[in-house]
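The following pair of complexes shares a single chain, chain A, combined with chain B in the former and chain C in the latter.
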Partner chain A sequence: MDEARIARRRLSPRLWLAGGWLLLALLAAIFAPLVAPQDPLAQDLMLERLPPFWLDGAEPGYWLGTDSLGRDLLSRLIFGGRIAFIVAFAAAIAACLVGSTLGLVAGYFGGWADRIISRIVDVWMAFPPVLFAILLVAVLGTGLSSVILAIGIIDWTRFCRVIRAEAMGQSRMDYVENARIAGYGRIGIMLREVLPNVVPSIVALLSLEMGIAVIVEAILSFVNLSISTDDPTWGGIIAEGRLSIHQAWWVLVFPLITLILTVLSFSQFGEALKTRFDPVLR
Partner chain B sequence: MSACLDIRDLSAVLPNGQRVLRSVSLSVQPGEVRALVGESGAGKTMIGKAVLGVLPSSVRIVEGNMKLEGEDLGKLQPKARRTLIGARTALIPQDPLTALNPSRRIGPQMTDRLVRILGWGGEKADTRIRQLLDEVQIRDPDRVLKSYPHELSGGMRQRVLIAAAFAAEPRLIVADEPTTALDVTVQKQILRLIAELQREHGTAILFVTHDLGVVAKISQKVSVLYAGKVVEEADTAALFAAPEHPYTRALMAATPRYTDPFASLMPVDETVLAGLAAEIAAADQAWRRPHG
Partner chain C sequence: MLLQRFLIRLLTMLITLFGVAVVVFVVIRVAPGDPIAMMLPPGATDADIDRLRALYGLDKTIVQQFFIWLSGVVRGDFGTSISLRQDVLGLVFNRLPATLELAIVALIMAVALGGTTAVLGARERGTVVEAGIDVASGAALSIPDFLWGLVLILLFGVLVPIFDISGRVSPQLDLPFVTQFYFFESILRLRLDLTWDLLKHMLMPAIALALPLAAIISQLLKQSLKEVLDLDYVVLARVKGFSETQVILREALKNAALPTLTLVGVQFTFLIGGTVIVERLFSYEGLGNMAIDAVINRDLPLIQGIVLVFALLFVLINLAVDMMYALLNPRLRHG
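Then we have the complex of A and B:
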């Protein structure tokens, strides 16, 4: 027990590294107009395809270089983070609310409720998620709210399946039986005895889902189905960078690194939070 | 004065029609400890669960009735039944680890129930809980009430559960093998505690166990159960002095004795089991005839 605890302490840099990156990216996104060195939309054909700062020909003030229209890459990444984070939070919370509620009901009540919800989940998961997302956005129309809605509609099953399994195990526990003997109602027991025990999993999934939402948003903007304004998005920058990979690799590489770091941080942060939240593991 | 618990001809079946309880009758008088002995699978726990209204959904009661302090449980509306069972009974469970919610502190877990059952205020409930913790000889209630279940030892958790069971002054406690999951040295203390609290509070206990040694120590009456059927019922002293049913005798012969630890253990005799099987088959036959 003690050894395991010490090992977990040692692992907790994971929490700080992941949380640190997320906080940095989040703050940069929130205060984008203040921190971004340039206007992300300002085009200047005199400055096109400037390399990042450590290469010959770099201009001061354009740290990560510019794209083929002379727009500052760092500024575009920072502003792109705004959309990425808005989508991450809103979509993950939407998916979490729907999925966790249905999962809890299915797992705890069992019987018909479980059969119906589980069948819906099965059918839902038979759709390839990315195609489903593209289809949904095509139907709902492009725009921030449709992207959020699409991710929520697709990914609630992830919460539902995990929370259902956990609630099922919980409902067989003696303390649930004890609460029934004491005369508590079913919904009361679900909220009072079962829910607190699945919260660590919900937290971990929520963080994981935020990472997934970032990816899905990037995919949608990569195929130009995210938001239709001129605002930069990570997926959009990647799509542009792909076209000029031979002349300016940095336009592709930096947004990719940003995307990977963010998604990785979300999943690691979630795992670390789970251990923090769980009274038995803590 | 009516019995605290009176079970008459209780039969329960599985979905495949197999009987798990075979016309069980037993009663527990107020303030009395009734032991329910039998090997695993004999249906001891099933009877306890039936009384507390928490039978698994696959098990169906098909016959008989249960009266809790004169009230026929089968005739009550589900809600009224829940309220009655909640107020009059409590459970001391077998496994003290899974009987406490791991993500909630001990204090709120214990007080919540009193608030629920007795409608008390939080402070009154807290005082009562501390009093009970003192009775189960927990000397540092502040620490215990603030702890999560995994931070306490098995014996401590069982003490907490005993305190919780007695706290709302139930008329009947079902103790479902409360010492089985514990260390042998702790078993004795826990058993003594239950006996002590039982005497002080005058609570009737239905004590489910497979351990005849425990039966002798704690109970006044015994029902011996085999395959969901009561094969013998007697005063504890009388049963140990002169067991009537061959199965009871065989069960006693199979109990290891501290006085002669090197004696080889005897399994229950084959011919006795064969006799029992015939007895049960005949009973089932007779039972099925009127029930189709």
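Then we have the complex of A and C:
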């Protein structure tokens, strides 16, 4: 008990850092047109491959330098954040709704419902996820809604597996039996008694899934299959950076740092939520 | 008992594979965009398109197409690639060894790194060393292989350029190999100059794939070791005068390894799934890299073949791990 408390207190500064970064990145993305120092699409071949501000040859106003078309890197990262966060929230919620519902049904009702849903999960787990995502976006056509839909279609199993196991455990507990004796219907018990008890896990998974969605979106734009090629995305910037790595390392370094910080922050949040809601540690 | 367990697993495996075949077939056929139109030069007549469509069987209904394809697959005929105009199975078998080599090298690295840090962390439990291992494995786990690959490209491809950042082998080299397992064959033939060249290309993608798995192994194995280390028989070994490292390696590891083994199986399939993008990142000529090209070219037979081979690999690994677990677990063995 004491150990758990100490562990939680030790987590705290990390949680503040994670929350701080996500808030900063989110606000920058929301107010991108006000915050970004330059037009993220403006090309200027006179300004190509400017280094970041602390190096010789940097131009004021282009803090993180420019890419091979002379576009401002910082502004592109800020605008890219818009797509990253929209995908993170929308795709995670889509995966969560489908996965949690099926997991709850499979775990609570058991029997045939469980058998069918578990078989579908087996099939889904036999696909390499990145290949599945690329295939789906190729089929659905590039664009924001395709990316969100594809991630939702692939990642619902993450929620389903965990929530199924939890709901199964909950449905064996005394309080569920009591509710049944008291005359509540099966669906009523599932929604009113079991669901509230698995919500903490759902919330923790949701945070982890947002980090995953950001990565998948970056991977899709890296292979040039995400949004239209005009809009800046983190993955798209990384793809440019990978090509000009020997001439302009900063075009790869800054989006990479941005992605790593974002993913780490989401996973820190998820971990912290998991410990906070875990009845054993609480 | 074991046989029954095996047969049930085999049956579910076939159902899963059938499910994968149905899903990938339906998904692909729903796709807009005509692969036949992409193959022909502009100016081709409608009659040309129809003839080619009939040649690839695309003029039949989707259910007919599925069963024609499936009956071929059962006989080992996966069809002909539309973009490369070669036998799909041949193409897949040509590329699969490259991916398997990469995945196996990554797995060995993950087990070695994860195992070492777990034993070290368990021996130094409660110290700064354990705390350091915890932080490192936490970071290694949270950052996915795609990002590790990019970090490695920057560190060892650009900052300190000691490794090659693209390809599988230097193109100017003469390759005497008869199999596609270049790396393993080069070791067997004692052509260590080629082994070194292959390793220089393979090391970074392998590390990128290995790091998240190493972290999982490290965390789980350390946890199991710490639990076992308080048990009577381990205490007895310590009283007998064995050093803590000896106690861990000789007594504790055997019993702590079982839960980790099951997990490594599932995680190894995730690692193989990761090869798709990591191969792309390093332009490594494996199955995953070819898969992405197949999707971009809308090469339906090739996509189907590759996805099915990946799925087969995944269910076989799960089956193997399940059987290994049953063989090693005394409770199931005698049950």
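Here, the second predicted complex is superposed on the first by the 268 of 282 C-alpha atoms of A that agree within 3 Å, B and C clash if a C-alpha of one lies under 4 Å from a C-alpha of the other, contacts with A are read in each partner's own complex, and residues count from 1 in each chain.
As a working rule, a residue touches a chain if its C-beta (ideal position, glycine included) is under 8 Å from a C-beta of that chain, and two chains touch if they have at least 3 such contacts.
Computed from a prediction, not measured in an experiment: that's the story for all the values here.
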| item | value |
| --- | --- |
| When chain B and chain C are modelled together on chain A, clash or fit | fit |
| Partner chain(s) touched by A:Arg242 [first = chain B, second = chain C, both, neither] | second |
| Chain C, chain A and chain B - angle at the middle CA centre, rounded to the nearest 10 degrees | 90 |
| Contacts of A:Val199 with chain B and chain C, given as first, second, both or neither | first |
| Touching partner for A:Leu256 - first (chain B), second (chain C), both, neither | second |
| Which partner reaches more residues of chain A (counting touched residues only), chain B or chain C | C |
| Partner chain in contact with A:Phe127 - chain B first, chain C second, else both or neither | second |
| Chain B versus chain C - smallest C-alpha distance in the overlay, whole Å | 18 |
| Shared contact residues on chain A - chain B and chain C | none |
| Sites on chain A touched by chain C in the complex | 119-120, 122-123, 125-131, 134-136, 138-139, 141, 211-212, 215, 218-219, 222-223, 225, 238, 242, 245-246, 249, 252-253, 256, 259-260, 263-264, 267-268 |
| Chain B-touching residues of chain A, taken from the complex the two chains share | 173-175, 177-178, 180-184, 192-193, 196-197, 199, 278-280 |
| Residue ranges of chain C touching chain A (in the complex, touch as defined) | 12, 15-17, 19-20, 23-24, 27-28, 30-32, 139, 142-144, 146-147, 150-151, 153-154, 157-158, 165, 269, 272-277, 280-281, 288, 291-292, 295-296, 298, 303, 306-307, 310-311, 314-315 |
| Chain A partner contacts - residues on chain B that touch it in the complex | 52-54, 82-83, 85-87, 89-91, 93-95, 98-104, 109, 112-113, 116-117, 148, 150 |
